[in-house]
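The first chain written gets the first letter, and so on, giving A, B, C and D; residue counts start at 1 in each chain.
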Amino acid sequence: MKLKFFITGGTICKRYNEISGALEFRDSFIPGMLERGRCKLDYSTEQLMLKDSLEMSDEDRETILASCLACKESKIIISHGTDTMVDTARVLGQQLENKTVVLFGAMIPYSISNSDAIFNLGCAVTAVQLLGAGVFVVMNGHIFRWDDVSKNRGEGVFQRADL
Amino acid sequence: MKLKFFITGGTICKRYNEISGALEFRDSFIPGMLERGRCKLDYSTEQLMLKDSLEMSDEDRETILASCLACKESKIIISHGTDTMVDTARVLGQQLENKTVVLFGAMIPYSISNSDAIFNLGCAVTAVQLLGAGVFVVMNGHIFRWDDVSKNRGEGVFQRADL
Amino acid sequence: MKLKFFITGGTICKRYNEISGALEFRDSFIPGMLERGRCKLDYSTEQLMLKDSLEMSDEDRETILASCLACKESKIIISHGTDTMVDTARVLGQQLENKTVVLFGAMIPYSISNSDAIFNLGCAVTAVQLLGAGVFVVMNGHIFRWDDVSKNRGEGVFQRADL
Amino acid sequence: MKLKFFITGGTICKRYNEISGALEFRDSFIPGMLERGRCKLDYSTEQLMLKDSLEMSDEDRETILASCLACKESKIIISHGTDTMVDTARVLGQQLENKTVVLFGAMIPYSISNSDAIFNLGCAVTAVQLLGAGVFVVMNGHIFRWDDVSKNRGEGVFQRADL
């Protein structure tokens, strides 16, 4: 079973720039995190973009959808910012069939102490193997279907859509 | 769905003692790791023992089995040393029905840089939710049934039993 | 020899807020960093403010000066943002006699991987013990007098004033 | 002012071997630690050996002494295990004149969380610049002359010899 990782940016991949004092993108942390997890599964990674998900456009989501449709793998993991993860999941969920897609990210960048990033990566890698076809958001140990998830921004957690 | 964590020790929970220079056990890291993962699932943790798995006796494995049988939860995660994880899985696998049990651990202690501990915890928390009844070893992104797993000690990886 | 630490904020003490996505102040890291350094010197810490040094006012600098003058210790270490560290050093240097004052900070917050914070703390603690009366900036292994230091913002380093 | 670092091993440079489960030596952490400290001083590093200091022989100490005598720099920093740091300091102190030598190490390996390694490196780099000729042990913020220092093994701290 071959896995495909699409990297799109998000908090999980932000780094501190010591000249500007801002959090920004340079290289993605995802490949290094998979090595740290000593994950020997058959996978490949591909960086589609490195964006804060608040800055993702409809066009960006079309790029992600097209990449999911075009790749030969049927098991896909997407690293994504949390703020619009649910929106991207909806675009994918309405148009993808016959593939298992898991979106995940982190509340705290991988480069910052006490980050949830690598925990969430472990969750995503496991979920994509065990779930059937469909689009899912996997965050902080919880598994949500794309049409039953929302982000509670006040508390910084994902929850069922109807909560 | 309520989850039960049984803590038994293993590399994952070892700490450096700066007086003796040895790696040893004090408190378990598992509860703190779950908080770091921002895991809001309904779970409880219980420490059965803190042992290097090379020092686990048949009696220890009986304690683990009895704890799995006695607890009210049907979804159980066991943190365990890697050296005899397969042996404990076999004891449980031969005698447990109707519960999902996931054993996991780490190749590098949580307290040491580049540890796989919290990645593996994410894998275990996710696997236990999605797998049906049975006993499983979940390590480094891989999911194994108790009767089809072995540890390759030379390479420090878990693999299918027949490899 | 008793040491006094005055905490004023700066990059060194910034933390990530996972709700807002911004770096901000909560508690200072300095007391925990001294414990991590296993520093058994006779010292006390006092938090004067927690500010980005770009937001420090003349009044803030007067507060720092007054605190240096008023305390009974003659060996003082001040944690401070790097952007106006040289300005505060000048205010102190022009008005303090008979005390050794060392200002330090970090280019990368203590909470972010690869931070220089605790290295710089070690430098400051050592410099204040060995230097005579005067006001100094101690950053990244370099020791500067208050009237011969500037921050090169393009490169993110401190250097002699005339470079 | 040019600084010379001699690397000899010690706890500070130990790494976890996930196959054997033991702490051991591979590459030294010292060059990477200096980069992390963003230290732009003019220095060079040279690895003399990588040994637990309990396994250092008289011959090893002669090698260290000969290296200190032979190098062109008069400011020397030696990373060293803590158990016999005082012994090596004595050998150097009795035979070196006109050079400043600072020995340092760590109680907790650099690769383990909460390590004092990089704090101590900052202390050593600063002390060697400010101290006059002589041989010193610089640990955890304290500065000791070679003939007035002992390690209190029960508490894991260095102290004045007569305490």
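Methods note: a contact is a pair of C-beta atoms (placed from the backbone, for glycine too) under 8 Å apart; a residue touches a chain by one contact, two chains touch by 3 or more.
None of these values were measured; they are calculated from a predicted model.
Among the remaining chains, none touches chain B as well as chain D. Compared with chain D, the chain whose C-alpha mean position is the greatest distance off is A.
Looking for a copy of the A-C interface in B-D, A-B or C-D, one arrives at B-D, which has over half of the same contact pairs by residue number. Work out the mean CA point of chain A and of chain D, and you get 44 Å between them. Taking each chain's centre as the average of its CA atoms, chain A and chain B sit 26 Å apart. Residues of chain D in contact with two or more other chains: 107, 114, 156. On the chain D side of its complex with chain C, the touching residues are 33, 36-41, 107, 114-116, 118-127, 129-131, 138, 140-143, 156-157.
The residues of chain A lying in touch with chain C in their complex are 11, 16, 18-19, 21, 23, 107-109, 111-114, 153-156.
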